[in-house]
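Before anything else, here is the set of structures, which you'll find just below.
The following pair of complexes shares a single chain, chain A, combined with chain B in the former and chain C in the latter.
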Partner chain A sequence: MLKFIARRLGTGAVLLFAVCTLAYFLLYLGSNTIARSILGVQATKADIARFNHMHGLDKSFLESYWGWFTHAVRFDFGSPWTFAQPVTEIVRMRLGTTLILVTSSLTIAAIVSVILGVTAALRGGWIDRIVQFLGLLGFAIPNFLVAFALVIVFAVQHKVFNAVGWTPPGTDFGEFVKSAALPIGALAFTSLASITQQIRGAVRDSLQNDYVRTLRTRGLSYNRVVFKHVLRNAAGPALSILGLQFVGMLGGIVIIEQIFAIPGLGSFGVLATSQKDIPAVMGLVTVTAIIVIVVNLVIDLLSAALNPKVRLA
Partner chain B sequence: MSTIETPRLALRDRNLALKLLTNPLGAFSTFMVTLFTFAAVFANQLAPYDPTKSDYTLMRATPSWQHLMGTDDLGRDIFSRMIFGARFTLTGALLAVSIAAVIGCTLGLLAGYFGGFLDTFGNWFSNILQALPGLIVLLAAASVLGNGLYLAMGIFGVLLAPAFYRLVYVTVRAVRNELYVDAARVSGLGDFKIITRHVLGVVRAPIIIQAGIIASIAIAIQAGLQFLGFGDVESISWGALLMDGYSKIWEQPIRLVWPAVGLALLMVSLVLFATILRDELERVGARVRKSTKKSLDEHVKERELAPAIVHPEPDRHGEELVKISKLEIGYLQVGGKYKVVVHDSNLSINKGEVVGLVGESGSGKTQTALALLGLLPAGGTILDGSITFDGIELKTLASKEYDKLRGARISYIPQEPMSNLDPSFTIGSQLVEPMRMVLGLGKEEARARAIDLLDKVGLPDPEKTYSSYPHEVSGGQAQRVLIAGALSCDPDLIIADEPTTALDVTIQAEILDVLREMQKATGVAILLVTHNFGVVADLCDRVAVMQYGRIVESGAIIDIFDHPQHPYTQELLGSILDENGPARGAYVAPAGK
Partner chain C sequence: MKKLLAMSAALAIAATGFVGVSSAQAAGTTLTYGVIADVTNWEASHGEHGNRAPLYQAAYDELLYQQPNGTIVPNLALSATYNKAQTVLTLQLRKGVKFSNGEAFTSAAVVKNLLAYKNGDGVGASLASSVKSVKAKGPLTVVITLSDVDPAFVQNLTGPMGMQQAPKTIGTAAAKSTPVGAGPYVMDTANSVPGSSYVFKSNPTYWNKKARHYGTVIFKVITDNTAAVNALKSGQVDCINLMDFSSIPSLTAAGIKIETQQLDWSGITLVDKAGRMGSPLKDVRIRQAINYALDRNALLQIRANGNGVPTSQVFASYSKGYDKSLNNYYPYDLAKAKQLMKDAGYEKGFTVSMPMVSALGATIWTAIKDQLGAIGITVDYSDVPFNNYFTSILTPKFPLYWMQLERNSNDWAFLKFLLVRDAIWNPSGYGTAQSDALINTIQHSSGAVQVKALKALNKYVVQQAWFAPFFASDMKFAHKSSVKVKLQGGNAVPYLFNISPA
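Right after this comes the complex of A and B.
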């Protein structure tokens, strides 16, 4: 088990390094226009040279990257060029908000889709058709269109929830619900639709197993076999789906945070990239990559714990 | 050479197009995609106004006959902007899909066909790209390479390439090892010819399906990026219209609705198109496979039904336990008709008897056994006749009552040992669970009984097996566990469905020994389903022979072996001399009498 974790952490580190290097390389490639775009059209050549020198943009790629890397391994992503606080500080402040959004959306989506997906797989008929249709809609319609629909109905026409803004749950829980309901609703709906469909598939596959019939011949009732054995065996695939959805949601949240003006990692990413702020973008890429790698590791460990065949590997 | 079939999927393109159009949702999605494409191509002719021309006298107009969707802040016609927006949106999507398809398909084809270095490289490429958080990388790239949206779509195309790569790679790997590709190679076709002629034909349809889905994703990302402010502000696109509409969401929410609905319709149509195409392809494939097999109905019609041969059995003793009379089993077909798999079959089993049910695969043996257990697969029903167990009519038995019968009185040993144990639970817990439910035993009692049973079926270390998971034991051991499971609640009847077929020859003999010993010790009746007359000779008191869904001959084992009357029985008996294994030694015994 320890060996498994160590090996996975090793692969994760290599992957992280590759992603950071690639991202830095891309950013460095375009760095000759950065000074101009930050300092504006009035900046003199001397101003630009000073800016480039100050931020190490006049160094070679390797030198420049090494400078960033040696700090980054100590979780010091430097000072951004266009924000007052250090990158680490900003990320720490905004990460919480993003995680609240993602985890609550995913929790809601997971609970509802397990109920819907299992029912659809077991019952079939009209509920199955509805679930499949919803799955198609959720797959085809991106979360920001869902967000627009929610805003128009629940904020513009009926002023039930807020269309923009963010109140942290610690400050005022009622206001938090009003500000978080629509973004969470939009994120949850999209992933709900696809998780439901995949859980339906996992349960149907699990129902096909030979041992389902054999257990019934031992005198166990249908419900007992389904709820103890079929669902237990569908749990592994369902878990990997949740992991994938989490990673997918980290991408989707960028636009959602922008629509609802929520101060999370996503809106920070938009600000940082539109201002070509290399330290800020790099901090964000690194943190996102770490989250993705950690989530994947946790999912793998949980799946291993669920599956006796891998448990000891 | 006629056995080498090429997949029919690719050859039926015209048929498929027809299927797509006769399906209402398929027709709808095809129509919508065509409509949007048409609008994009002929935007200049279709748009009633110049999309960039401002009319300051008509700003923020509500929808009317002059301006179907109203006008924006500068008095520009939104309907015309929607039409021109379709052009931009579709071009961007086309660009992303083309780049993704070209890179992904080429790498996938090469890596899948040639393997080796390309294989490693392709997987590495695909893994790296999948590990990157997509939108974030896109943002980073956009900040570096400038705001050009086509450029962003190009980069996105590279990011999406793995979707095509994986698909093509997997398909090509599968096709590569097909017989007809080997045949083509043997007959001297070069690699390039094989790829273009045979391999491309197979992957074409899946690529079209994937392209529909990828296009939908690309459109979403493109609109999202524009909404975030990337891309040329002046460009006319649905994403820009979204942004414009969102800024006026309080004053004129309708302006957000137009582009949102346009995007949603286009994306849903693309995905729908892909999904329906896939479903139809699968259906075509399934139909080809099914139609090659002659149905039992046809056999029934072809043969005149001579009455089944029943050998008189004056020496039979014991009470009657199971009586199957005039049994008919059918499966509901798409058209609402039943396909009959078992018909006109009679069989009886007395307490303590071992009865063999013999016949070739597809003759209806297993269906009869499952009907007795009340566990016919979905769609299967007993259409006619009756099955009684100890006087209880099973055909109409309520499912709760049936649950009380199974395990406690009728039990089952399956064919394939490994797949019939739940891989997620220990062998012990799977043995204990029914005993606690059916016999109401306590935890410790059930455990002790389970270990005792494991010992009795000849497992060398019952304690260890008890706490093992199914994957930790061998096939032969797993089959012993299943026999222990079948015996665990002291049933009156065990149905053993080909209990030795999936095992090695030496292990087959051991398992038959276990069955015989357990039967002697407990006096349980066994219905042994098998295609092997040798196994029957080894264990059974009586035998019934099944052919084309019907029991054609039955009687005491000696009578059947000495005086087989039905030609099919004679044929089966003749064939056992060719079979190897434990059957042969045992066969001598009844024949020698």
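Right after this comes the complex of A and C.
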């Protein structure tokens, strides 16, 4: 187990280095226009030269990257050019916001998916058909359309929840619920489809296995067989899909954060990229890559814990 | 002997420009102001015009104040007086003002702020480039020496260059995220969420309580137009600048009011007026022919869905140099355009190269090509990556280019931006003896003489067809009927004091 973790972390470090180097190189390629973009059309040549010198944009790629890298390994991503706080502080604040949205959505989606997926697999019939139809809707409708619909009905027409903005849970829980309900609802709805279908399929497959018949002939109740054995065997694929959904949401949450004007990692990425703020973009790229590597590792470990047959290769 | 600017007389009078409400009336009220751009650095030296202006105005007062109609009135400074040579400006400061952290507002504070602005890395630092020295002469007198006559300087003191930050906080890390000034409000950091919303409560020690219309101001950062429209319709914001105008019918149906002003101008800059690039644009008849060949109404529809005003001049309606009669100086007249081409010896036309950015969509480029093609000018486009468009224009690599450029309520700043020989957006450094003379008069005069010279320069630039403007584009500010709004000439959004309860 420890060997597996060490090997995965080592591979992750190599991957992280490759991602950061490539990202920095791509950003550096367009760096001759950054000053003009940030300072605006009224900037003089002297303004641009001063900006470039102040932020090291007049250095070579290697010199510039080395300067960033030697600080980044200590998790010092420096001061961004277009934000008030240091990069680490911005990422910390916004990561918290995004993680609240993502984990809340996935938790709700997972709970509802288990209920729907298991029910559909066990009962079959019209219940199964309804669940499959809902799944189809979830696949077909993009999350931003769901978001628009929720905003129009629950914020604009009925003013139950907020259309825009974000209140952290610690500041005012009531306002937090009003600001988070619709974006979480939009994210959860579209995740439901794939998780439900996966659980439904995995449970149905598990039910076909011989051990289920054996356990039933031994006198175990149907519910005990399903909830203690079948679900455990079906959990592996469900966990994998949850992991994929988590990673997918980190990227896909950009649109949701824009629609609801939420200061999360996604909207930070949009701003940092459009403003060509290299320190900000690199901080975001690094943190996101680390999250993806860690999440994948955790999913693998959980899968192995649930199902000893899974070998940690 | 001191020469007073025409405005100094007004400046010497105690501030009469503010019409506000009593503190008691304002106390329980809240304005929720939607903003489409977040503040990147709260220090006064990083203050900006445009969409970010009201955020800085919440915390920082300026030395002078510009009213919506352009009149400059006293603020933290009671007067601004030039010497005869207009290179030494003396400010008399208001007595008894305190910053929200308890520090006294004195001449030392003004000196520190102006130097921080000039030497900092804010976007407007070059506005203070003419400052040679700034000294405190007594506790309430500041003497600023300029390296050259700068007609924009006094007006610049009404903007970010004149904003006053508490001196002890200048240069500190905390000031980047928490402003401390002598302005009408103080940031409530406990209830503010950076990047999302900033809450400002009334500054209890504010010297000008009458000008303050609301007890609390909340700025909500909304960078997406759909989110902005939803925020308005759901009542979460009282006002916001619109980034896209397609939603206006649904907004007006919901009772939202729209205020319109023309800010930027869109059109072609005819770079090679001196002919150094070998193009026929050296001949004024060719440049005039291009102007006559433009169907401005069609271009306005194509590019801006009709949201703007066709025009032949680059000066804005809020500029002292503006002349309404020049708007239609070049009516759409293909016959006249062709005659001018023939008179110039180009009856069969010519080919000219022009940069194009395909990322901006094909329609505008096609329209330009077609309209110039109608008089025999073949446009040979070079597709330039978006990132390199500015560089290719400013090098300059092309004899003409299409661009949407900002205009300015500060006339001298506008001239320095576009028309003087070393203007950023005059890449060929073009000028004539006549334009030089007019610009020199504008720089060294004031009052009626300056206005006359500005109008003469505008007319000259139009007659000589330095540009081929298409239209002045609209800016639209949406607000609930519960608030009253006065637009600020030349600024993308109303100043904070321009919004009051209806």
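By definition in this document, the second predicted complex is superposed on the first by the 306 of 313 C-alpha atoms of A that agree within 3 Å, B and C clash if a C-alpha of one lies under 4 Å from a C-alpha of the other, contacts with A are read in each partner's own complex, and residues count from 1 in each chain.
Criterion: a contact is a pair of C-beta atoms (placed from the backbone, for glycine too) under 8 Å apart; a residue touches a chain by one contact, two chains touch by 3 or more.
Just so it is clear, the model here is predicted, and its values are computed rather than measured.
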Touching partner for A:I259 - first (chain B), second (chain C), both, neither: both
Which of chain B and chain C A:A289 touches, first, second, both or neither: first
Chain B versus chain C as contact partner of A:A149, first or second or both or neither: first
Touched partner set for A:A23, first chain B, second chain C, both or neither: first
More chain A residues in contact [chain B versus chain C]: B
First (chain B), second (chain C), both or neither touched by A:L220: first
Touched partner set for A:A163, first chain B, second chain C, both or neither: both
Partner chain in contact with A:R200 - chain B first, chain C second, else both or neither: neither
Contacts of A:F268 with chain B and chain C, given as first, second, both or neither: second
Contact residues of chain A, present in both the chain B and the chain C interface: 30, 33, 148, 151-152, 156, 163, 258-259, 270
Of chain A, residues touching chain C in the complex: 30, 32-33, 36, 38-47, 50-51, 54, 82-85, 90, 93-94, 148, 151-152, 155-156, 159, 162-168, 171, 258-263, 267-268, 270-271
Of chain B, residues touching chain A in the complex: 128, 131-137, 139-146, 216, 220, 223-224, 227-230, 242, 246, 249-250, 253, 256-257, 260, 263-264, 267-268, 270-272, 275, 373, 375, 399-400, 403-408, 410-412, 414, 416, 419-426, 430, 433-434, 437-438, 469, 471, 482, 485-486, 488-489, 495
Residues of chain C touching chain A in the complex: 38-42, 121, 123, 125-126, 129, 176-177, 190-191, 193-197, 220-224, 226-228, 230-231, 233-237, 387-388, 390-391, 405-406, 417, 424-425
Chain B-facing residues of chain A, complex: 15, 18-19, 22-23, 26-27, 29-31, 33, 136-137, 139-142, 144-145, 148-149, 151-152, 156-157, 163, 209-211, 213-222, 224, 228-229, 232-233, 247, 250-252, 254-255, 258-259, 269-270, 272-276, 281, 284-285, 288-289, 292-293, 306-309
